[in-house]
């Protein structure tokens, strides 16, 4: 269910992107309790001119390694769960992909659970 | 009003993308009653490494033909209408673009009707 | 906090994109009172075949200069504030980037203020 959009700047090797993808997914599985198979991500590389971020906002020092992660997911996770998700994404991106934790930007967009179709034109999560 | 983001993997001919675009739009017009002219879509092609999906989640068998469709639209459609939208998108993508229905992933993001400006800096749907 | 996705068609010089980026950001700062440093934008260029818009919907005449701006931001802005945002984006894109106001399409996606992490795995806006 989560649909994850990962944006970063160009010139990263494929292996780096694979690690980023896996770290974000593992954090989702560990913290918001989605099945390991529930993995849908699109990655977009942007030229530096097309990837605009403030290098100091909130006194957090960002570099060109910044990863912007926008996750659309069903609503209903408590604040504690959402906080543990942010924490775990940053931890795993640091451990597994070598990113500085300051270079991890996350945004969640919440939708109704009926707002997903995983194939066959059905609303699998609607009750 | 719907803003449709269509993501797929590279190496699809332009004619395929045109059919996908038209099928999704026609399904929207037929099921959620938008005007035929209300068509705004962006398509993004991703390399296989940048387009990550589970090939089996929910026992649905997905291939590299998978299309991920994220539709931002005004809130307020009933569950029945949303279900008919999913069904019709999958049907038309199958009929018109030759896609397997299992290769159709859909997510809706709902917003307030005042959250759109179609040009001129005005909020055309605000009352 | 706003995460701004700007989509346009290819073959625009970098200087044009910089002006678009700056105009949108300045409008956000002026109308919804975000800090000047709170700037996070990704720009995506699409081939004409991948950038689909109706050239007449609502009697607004759009050209290939169209810019589609999707802004994810925390909920809570009044309708008046949102209207002033649309107006100011269109004005500044016209003045600073030479765009016709009809070529400015805007959509807002609102999220909870706890749905952001600006780095370090923390939810900086959660109270």
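Just so it is clear, A, B and C label the chains in written order, and each chain counts residues from 1 on its own.
Note that a contact is a pair of C-beta atoms (placed from the backbone, for glycine too) under 8 Å apart; a residue touches a chain by one contact, two chains touch by 3 or more.
This one's a predicted model, so the numbers in the text were calculated from it and none came from an experiment.
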Topology of the chain contact graph, where touching chains are joined (line, ring, star, complete, other): complete
Degree value of the rotation bringing subunit A onto subunit C, based on Cα positions, nearest 5: 120
Same or different residue numbers at the subunit A/subunit B copy interface, by half rule: different
Centre-of-Cα separation between subunit B and subunit A, whole angstrom: 21
For subunit A, residues contacting two or more additional chains: 44, 109
Subunit B - residues contacting subunit C, complex: 3, 14, 17-18, 21, 35, 37-45, 72, 109, 111-112, 114-124, 126
Touching residues on subunit B, where the partner in the complex is subunit A: 7, 44, 46, 49-54, 56-58, 60, 62, 68, 70, 79, 82-83, 86-91, 101-110
